[in-house]
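Input: one structure, supplied below.
Chain naming follows the written order as A, B and C, and within any one chain the residues start at number 1.
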Amino acid sequence: MAMQTTLRRRSSSAYWLYLFPGLFGFLIVVGIPFLMNIGVSFTSWRGIGMPKFVGLANYARLIADSAFWMSLEHTLFFVVAMAVVPTLISLLVASVLFDYISVRFGQGLSSFFRAGYYLPQILPISVAGVLWGWILNPHGVLNMILEATGLGGLVGNWLGDPDLAILSVGFVMVWLQIGYSLVVFMAGLARVDPSLYEASELDGAGFLQRFWYITIPMLKPEIFVIGLTTTIAALKVFAPVYVMTNGGPNNATLVPSFFSFYHFFSTVRVGYGAAVATAQTAITIVLAAVFLWVQSRQTEEGDHD
Amino acid sequence: MKKLSKLALVLAAVTALGAVSAEAKTFKVWWYEPADGALGIAWQAALDSFKKSHPDVDVKFELKTFDQINQAGSMILNSSEAPDVLEYNKGNGTAGLAASQGLLQAMDDEYKARGWDKLVPESALALGRYDENGVFGTGPLVGMPNYGEFVSVFYNEDMLKARGLEVPKTFEEFETVLGKFAAEGITPIAEAANDYPAQHLMYMLALKNADANWISNFEGLKAPLDTAPFVAAGKTIQDWVAKGYISKDSTGMTADDMTNQFMAGKSPFVVGGTWLSTSYGNIKTFHAGQFLFPGQQYAPGSTGNMWVVPANAQNKDLAYDFIGITLSSDIQTLMGNKGGLPIAADTAAITDPVGKLTTSLFKDLVARNGLGFYPDWPVAGFYNEVLQATQALVGGTATPEEFAARLKTFYDEGLNK
Amino acid sequence: MTDTSVPAAPGPTDRNIPRGKRGALRWWVLAFLFAFLAFMLAPIFLALNNAIKTATDYATNGPLALPQSFTVEGLLGFWSYVDFTSKIWNSLLLSAAVALFGVILSLLNAYAIGVGRIRGGRATLVILLLGIMIPQESLVYPLYYLAKSSGLYDSLWAPIIIFTVLQSAFGTYLLSAVMTTFPHEILEAARVDGANRWQILWYVVTPILRPTLAVLATFFFIWTWNEFLIPLVLLVSNANQTVSVAMGALSGQYVSQPTITAAAALLGITPTIIFFLIFQRTLTKGVVVGAVK
């Protein structure tokens, strides 16, 4: 027993070699630049020339900035729109495609659907912004359809009304995100032995039972990965807001990344932008650490099964 | 001995390199205007003319994008990759920032020596000069404009004629005409408040209550914001929304949506910039006319983007040669004939109807000293703040007083920075 | 060795449910999936609809009407306007390099963390994940200065290195999560057979993970293809620029040309669609390979 442990330890430390390129790259591309960013957050700087040290002034300003707090509130909404809703939808769709469509209509059709649902991910976001603008503007497709189908009462100013704008942007996020999680889930299901489904089907388990007792447990690692990466993506969401609403109307869709981008490149208060980005990253790290902790507990439990 | 021969070899190599660079002089020039627009066509012609007069120079032209120069411009100027001359965005946040860091070459001597002062008067150079803080108006001349732009009213002549209506001469007449359309259930002004156009209309209405002193203070970042013109503009906007002259729906529309609405003949008026002249001038289904916003001296407008020469450019003389060519009467007339707005052209020489009308309206505006610049210039990043505040104003989620107060907060903070 | 299509033979399951109802249900499910597909693709259909219109047609009838005219002028115009051939080449080079290097780097990292179970593996993972947690715009200025001082400013190598590292954060996380749940028996068996660590990684782990690696490569390729800000800032000269940066040429300060935007959208997504379709095959094959136990 003791011998086995030492053997394991020795082999484990030898694996560090495999991490070397990754850690070295990380240091150069992320580590050093991010430390520089933290340094900049204590200065007043316009991107070129010499930064001027201002201590904690940028952070003091940040705490007092109501726009920043508002942007954090919106982030909570975007976590729902980018992490929760698309994950649930694509879990269901993935399992319908894998356990129902490919079984009853063949593998080809299921691949076809997957490719189709994935297409929004491929579209450059600047183009997606223009296209959704055509759909959501007051004279756009959506309102035309509503009027034509006798639902004229539901016609709305989707991007111009502060109460509707955040819902519209969230809706587009769902549209955008489904393909990503769907493809990951379907790749995960590929690892599952199909005989498992066959056997349970023979035992009389219905689709929902197989979904709950086979699909979900099997996809646990993917669900965690998707959950965390989409949450992180939601915390730093930028492009869809930038192309659709510019954070408006009346700051109704303002998010932290837009806020920092705005100060990095529009007001050119690089020091303040760096402070926003640093605070935002700190929040993300805390959330991710909690998430990973929960995940590792879950995986350990899984190991005992 | 060996060492010596090595040295000789290196020396020979260096001399050879020197000879090569002296022989093949390269001239790098960048701009970002579309190739098929008036500016793109005129500047391409200028470049062709440059090639003819400088046969020994290797010309390297690159068509850049607005985004690249806007977001990475100062980084490029601060490197060895910058060209000899490039089109650069006017204003404190872009050219002003680069100038204040010493990245742009002062051209005051060339302006006199090359006779540009006879083509472009000193009064048109406000946006080419930046002080040590990067605020425009005074300081060395680092940018040379060669075209202009302004905001005016485009109208659908057919829709007015069908109702026997004349082009309004006063503000009151304008409101009467707007009211006639509104009474028919037509939204008279196509507008876009989810984009830049609404803030141009808002600033147009603010200029109605502004004088030279106010404009100079506002644009020059000289004093805390006097909000009276903005409050007045806010009241007019909300009044127009209430009367149906502008649709509340415009809060969800972009400039493209606005243009679609006007071109489809759904609204008879658009308050827009001269960058729209060419596309409106080419409408086939009706005739689009243009008039200066009635009843006031000022309108949003200025000289356009300008030529700058990076401080570490290799061939500054070639750059000045090229700038000179873009100001020549041939190129300026060509720009006008393509529907553009040249700064130093002879109006009589322009034959294209769109270019002629725009150029003569611009002449009128300049003659009465009526260029009011733009609302977002004084402070870097003001653009988005003005956009959102105006959007809230049109949508009715902010009162005119709240709207003006919001602008003041941002403005005064920029002032105290 | 079972092929997934085997259970398609309807059999015992149908015993509990009346045949007619089962038959109707599957068509309902199919109809629903098609409706959902139509919704997902509607915006892309709009792009297609407007890419082939003339500007006048667009101006008079708006973006929603079906084309009354047909022209590929917008497509060809955009192509020559931004010298699309060289942009495609740059984007292909950048995206393919990142997809390849990113997958390799992720695989190495994840092998150490997931299979090697090195001490502090989880902490290392959190640190590497900073690569996707830090908002990109905060890295732009430092990366600009680093690229300039290393002589990589205006070189495709700068974004290749940057995106390889940034994307591998996600790859490391996904692969190490999967590797942690890897059946120990397989690895033990390989070890008993005398395979060393490299051989286990190459001959045992990699083949089993192939579907996931294919997904990763696809993601990296497409994400890198659509990256905008870092290429915009680090690639100065037109000869080095990418497709997504060239898309920016469509919107000036105050001007935009919607039909050309639509045309460019089509041109811009075509290479990625082709790439995705190629990988579809790998993904499909992967199903069978993954089932081999």
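For this structure, a couple of remarks:
By our rule, contacts are C-beta pairs under 8 Å (C-beta built on N, C-alpha and C of every residue); 3 or more make two chains touch, one makes a residue touch a chain.
Everything quoted here is computed from the prediction, not taken from an experiment.
The chain pair with the larger count of C-beta pairs in contact, out of A-B and A-C, is A-C. Ranked by separation of Cα centres from chain C, the top chain is B. With centres taken as mean Cα positions, chain B sits 38 Å from chain A. Averaging C-alpha coordinates per chain places the centre of chain A 14 Å away from that of chain C. Of all residues in chain C, those that touch two or more other chains are 62-63, 248, 251, 258.
For chain B, residues touching at least two other chains, in rising order: 71, 75, 256, 260. Residue positions of chain A with contacts to 2 or more other chains are 47, 139, 265. Residues 32-37, 62-68, 70-72, 75-76, 79, 81, 89, 196, 255-256, 259-260, 263-264, 273, 275-276, 279, 283-285 of chain B are the ones that touch chain C when the two sit in their complex. The touching residues of chain C, when paired with chain B in their complex, are 56, 59-63, 77, 81-82, 144, 148, 153-154, 229, 232-233, 236-238, 245-246, 248-249, 251-258.
The residues of chain A lying in touch with chain B in their complex are 46-49, 133, 136-139, 157-162, 245-251, 262-263, 265-269. Those residues of chain A that touch chain C in the complex are listed here as 11-19, 21-23, 25-26, 28-34, 36-37, 40, 47, 93, 96-97, 100-107, 111, 113-128, 130-132, 134-135, 139-141, 144, 175, 178-180, 183-184, 186-188, 190-195, 197-198, 201-202, 204, 220-222, 224-225, 228-229, 232-233, 235-236, 238-239, 256-257, 260-261, 264-265, 270, 273-274, 277-278, 280-281, 284-285, 288-289, 292, 295-296, 299, 302. The touching residues of chain B, counted against chain A in their complex, run 71, 74-75, 78, 93, 97, 101, 103, 193-194, 247-254, 256-257, 260-261, 379-381, 383-384, 387-388, 391-392, 395, 397-398.
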